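Two complexes are shown next, each including chain A; its partner changes from chain B in the first to chain C in the second.
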Partner chain A sequence: MSREQGQQLIPGDLTQRTLTSRIAGLVLDRRPRPGWRVGFVVSGLLTLVLLGGLAHLFTTGVGIFGINIPVAWGMPIVNTIWWIGIAHAGTLISAVLLLTRQPWRASINRLAEAMAMFAIVCAGIYPLIHLGRPWLAYYLLPYPDSLGLWPQWRSPLVWDFFAIATYLIFTTCFLYLSLLPDFATLRDRALGRGRQLFYGVLALGWRNSARHWARYEKANQVLAVVAAPIVVSVTGIISLDLAISIVPGFHFTIFPPYFVAGALFSGFATVSMLAIIMRSVFGLRDLITRRHLDYLGRMMLLFALVVGYAYSQEMFTAWYTGDEYYRYLMIDRWTGPYAPIWWGMIFCNVVLVQLLWFRNVRRSPLWLFVLALTSNLGMWLERFQIVFTSTHAEFMPSTWDTIWPTGWDWLLYAGTLGLFTFLMFVFVRLAPVVSMHDMRTAMRERSQPESTDHERARHE
Partner chain B sequence: MAQVFQPRSNAIVRIVFIGGACLAVAVLVMAVAFSGSPYVTGAESVPQQPVPFSHQHHVGGLGIDCRYCHTSVDRSSFAGIPDTQTCMTCHSQLWTNADILAPVRESFTEDRPLAWKRVYDLPDYVYFNHQSHVNNGVGCESCHGRLDRMPLTQKKSSLSMKWCLDCHRNPSPELRPSGAITAMGFEDLSPEESGQLVAHYGIKTDRLIECMTCHR
Partner chain C sequence: MSVLVMSKAEVGGVMGRFTTDTELVAAVRAASAQGHDRLEAFAPFPVPGLAEALGFQPRPIPVYALGAGVLAAAGVLFLQWFSSVIDYPVVVGGKPLASWPAFLPVTFEVGILVAALTAVVMMLAGNRLPRPHHPVFDYPAFGRASDDGFFLMIHTPDPDSARRCLQGLGAEDIEEVGT
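What follows is the complex of A and B.
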């Protein structure tokens, strides 16, 4: 990392004090910005739509979804996998960039971690509401029950539960730990007694001592090291939900790495979108620079290429196995009732994404936003074709059917998009959208490029 | 600027954290204990019957075999509740004027069955078969308790799934020779003898814990 690049990543005209004031001000200002208000109200209304849809679902039953044999999983599971992909990338981005000491991490890691946490909340909703009797969801817990049964370990639903719960706990710890020093800063800067108490309690008595920082660094490193295997195994488990079956289109050993790459692809795309939204809503164009967008675009491109490779391997395997069901599946994907989904996926994830080879595209917020949007759309279409196309025409032609999502599927999907956005908007009003202490460290490193780890004691 | 927190705040936070964790554990333990308690499961309940029939008197005192009244227990899924005629085989001769038996005579003359209350009521999604239990070495006493000591019939088990599975997972301690199925106060067999009975009845223990065994 040369000095010149570092200067582009961190605004040169900001001192540590003004930087902290600016970011803390976003939270502590009494009056929220107009852009925030609009986003808060719109996403809040969508969240109400979600609650209404859930009320209708619980009173009527899962028949309102476009699910029926042979497509028993339908759009709820499509959305689960999609949200989990986004969630997993958030933590992995933050942890991997921390472990590899990427200085451009400082201004986007908070967004990525918050995204992970709220996306996993959205992901967790779907398997539960996809249950025929959602009020019995606690059966998934290994509690001392009167049934004399532990959870059925052969059921993918149980794997989902443990994967998502593990991930939710982990990502909450990871996010909260990195928030501790910032909560302390907010506590010290807050003027009202109520806010001082609120942030003071959240800061858990953080006093900025060298011992606190030493423990913080150690805990953060440990969590970051744990993050990578957790994310890979959890995404792998979600992919095994499908791959463990014998259905062509599901039964595929490449699925775990394929899903991890897809998760990172959609995760980088979502971080790009959030970064572009936040930098314009909160005026952070000098903290989240075009250079950051450039890096995010490169990462998107990298994982898009891996995902494209997985598509090619899927087609190659279909041909190479000589299995007639598998071959038919591929032909059905290209020409069957769901063909637009497959071609849309190829267009978004393989064709359109090649624009990211151009530096000017990566550095343009508008272009990057559009490409991130189409990438997320493409990843959604990918999960749709995995879930729907693989099961709608299985081994027995008498059971073949073509099933499409209903209005309620779309309504609940829009609802979780609203919930995610709503939680993000609430979060950025309660906590700093950019990690203040990570930014300060990055600035210090810029001014002392030769300093070693040991010397990076972070006294103010 | 005044300090936001007093020194005692640390202690308060610790108490809240530790106390909260203890409270969560305590609530969980109590919830588990409560859900398995007789208050919830109905074990040990004594339903009010139209006639205060005493198993203690008929089984323990007189030594009438279970199958005299529960005629289909070894031939059907349902043990059978005796009809009024069964009662009247004796009570047309004995205690013919007893007030306590008035509902039985009334039922007999009006040809209207006595409305006995069910003591053991399994949920409808559970398939249970008396015949396959009593013909394969499970004594009446194993589930229904010492009926020869019950003045009024009491439900002796929780009928929870765990209660069923405790035996289905390890049936041999509850097995007895076919001659002792209806015996009360049967002495437990040695593990060797129980093991021989599993083979004798041809019980496939791995089949007993499949979902389909009870949920069909």
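What follows is the complex of A and C.
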């Protein structure tokens, strides 16, 4: 690809018609691309691994996990926090870039929203399977039960339930609303009766009427405005699970913003990875350009710097409080049994990520992919060290212990990675991977910037 | 008001296709200047200024969403207070029964969730969706409304004048729809 092409967010020779046939063609072509088949089969097998692992878990019990007092949370909660983080950038990219009318949003927002949707599914699995008696999960709901009991509203676990459930429902609405006009396009272009029916039902009879669009834009505005507080509050609330306790390493007021920054960091990393994969599998190099990758790299770097700042604050606070337990915790993180985790985290999230200062690195799909991968790894290590090192050596040395994840922990983790990938691969076959109506708007704004501004000014 | 417009819209009319959104907006203005007051326009993306040209102002969905969100937040705050103070008072860790700061996370989440759902439901209900079939789908060129076609439909009991109007504005694929 020439440098000139890489500069443009939308290819110059793209018309409304070719855009529709290209993007819709990715879905409506009967024969999937070879890269897609490989991904589908591999991730499908991993999903089966997840189902097998869950079957063993439900028949045996949570003892198969590497969880034991004092590390009662273990890897399932590490993974919950990690997956939620990945989900967040999806929502944020779509919503904040919509509100600020960023032109580079159009070709990646669909990927971001789908990523949010499937990451939240993976995140939601863990708290449920981590319950000793998962069939009693509904106790978290306030319903008129026969014992006259209510949820404990002061418990962060109840807040968690409401936060994750809200996020799941919201993400579903956000994604579906964005898909609705695109489903109408697919309905109008599908040839087989079965497909026409399938997309016809999904499109709900959307007619592209100006009145439809006017209401649609209003509703979309509401969702975009609501998305930012949702993103901040959901991860914030999850961080309160830890911060509300008095455990050194957990009890820290910086946690909500620190978790949000970490969430966005890993989320932008995942969007980059998905964008790089999708543009090569589906030949979308002209729609998802190097310039898009550049922007994603900048966002990753920004949030990596915030995360690095939070690490420094954590160390400073440990020293500044003069609290013996807190200071010991910090030293234990550097030198204790989990030290490689902490240093690995620093290497990935603070050291390696500095490469993103270089424009050529941000614009290189290979480099960006590698750095996104290490960033996600680093964020996973961060969640790991928060959960494990904070609890394994608390106030009483007699309770100290070192717990490591078991094979089942890793198997289920691989399983959710597979489930996420599987859902993504299925999604891109059933729905357009690039939002067609957002692209049309972006193309229109490119072709008539002055009239759009004029009309907007008049409108306001 | 909207019910009245919808029932009028069922009358059927004449539809024509334009190739750009600016042409469509201009055509809407011209047609209404010629006295056609029951117009409907279709475009593959939200065209700025099109709804205004049609004289259409949707209900202020954000205001309703905010109202519903605040009501839901108040409701769930009341539920937490009622269940912790009146219905099942348990003192935990010496905290007051009405420990309102601890009630805020759930209040906030439920509030924004209901606001978002209100917006989505109002959009669907206002657009009378889901409605799998509609007479406009019988118009052969209508598939392009979700691709690259910009359509103007004139609802009128006098199809000939509408047809002349669309021809004068340079529309293509002019046809009668949904009688």
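Going forward, the second predicted complex is superposed on the first by the 444 of 460 C-alpha atoms of A that agree within 3 Å, B and C clash if a C-alpha of one lies under 4 Å from a C-alpha of the other, contacts with A are read in each partner's own complex, and residues count from 1 in each chain.
In the analysis below, a contact is a pair of C-beta atoms (placed from the backbone, for glycine too) under 8 Å apart; a residue touches a chain by one contact, two chains touch by 3 or more.
Only a predicted model underlies this, so the values are computations on that prediction, with no experimental measurement involved.
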Looking at A:L223 after the superposition, I want to know if it touches chain B, chain C, both of them or none. Which is it: first, second, both, neither?
second
Identify the partner contact of A:Q196: answer first if only chain B is touched, second if only chain C is, both if each is, neither if none is.
first
Touching A:T321 in the superposition: chain B (first), chain C (second), both, neither?
neither
Is A:G205 touching the first partner chain B, the second partner chain C, both, or neither of them?
both
Report for A:P144: first if it touches chain B alone, second if chain C alone, otherwise both or neither.
first
Give the label of whichever partner, chain B or chain C, reaches more residues of chain A.
C
For A:T399, using the defined touch cut-off, is the partner it touches chain B, chain C, both, or neither? Pick first, second, both or neither.
neither
Kindly classify A:N360 by the partners it touches after superposition: chain B alone (first), chain C alone (second), both, or neither?
neither
Of the two partner chains, chain B (first) and chain C (second), which one does A:T441 touch, if any: first, second, both, or neither?
second
Does any part of chain A touch chain B in one structure and chain C in the other, and if so which residues?
148-149, 187, 200-201, 204-205
Once bound in the complex, which stretches of chain A touch chain C?
15-17, 20, 142, 148-154, 156, 158-159, 162-163, 166, 169-170, 173-174, 177, 181, 184-185, 187-189, 200-201, 204-219, 221-223, 225-226, 229-230, 233-234, 237, 240, 436-438, 440-441, 444, 448, 451-452, 455-456, 458-459
Chain A - residues contacting chain B, complex:
143-149, 187, 196-197, 200-201, 204-205
Any idea which chain C residues touch chain A in the complex?
21-22, 40-52, 54, 56, 58-62, 65, 79-80, 83-84, 87-88, 92, 95, 99, 102-103, 105-106, 108-110, 112-113, 115-120, 122-124, 126-127, 129-134, 136-137, 142-148
Okay, in this complex, where on chain B does chain A touch?
4-5, 9-10, 13, 28, 32, 35-36, 41, 158, 160-166, 169
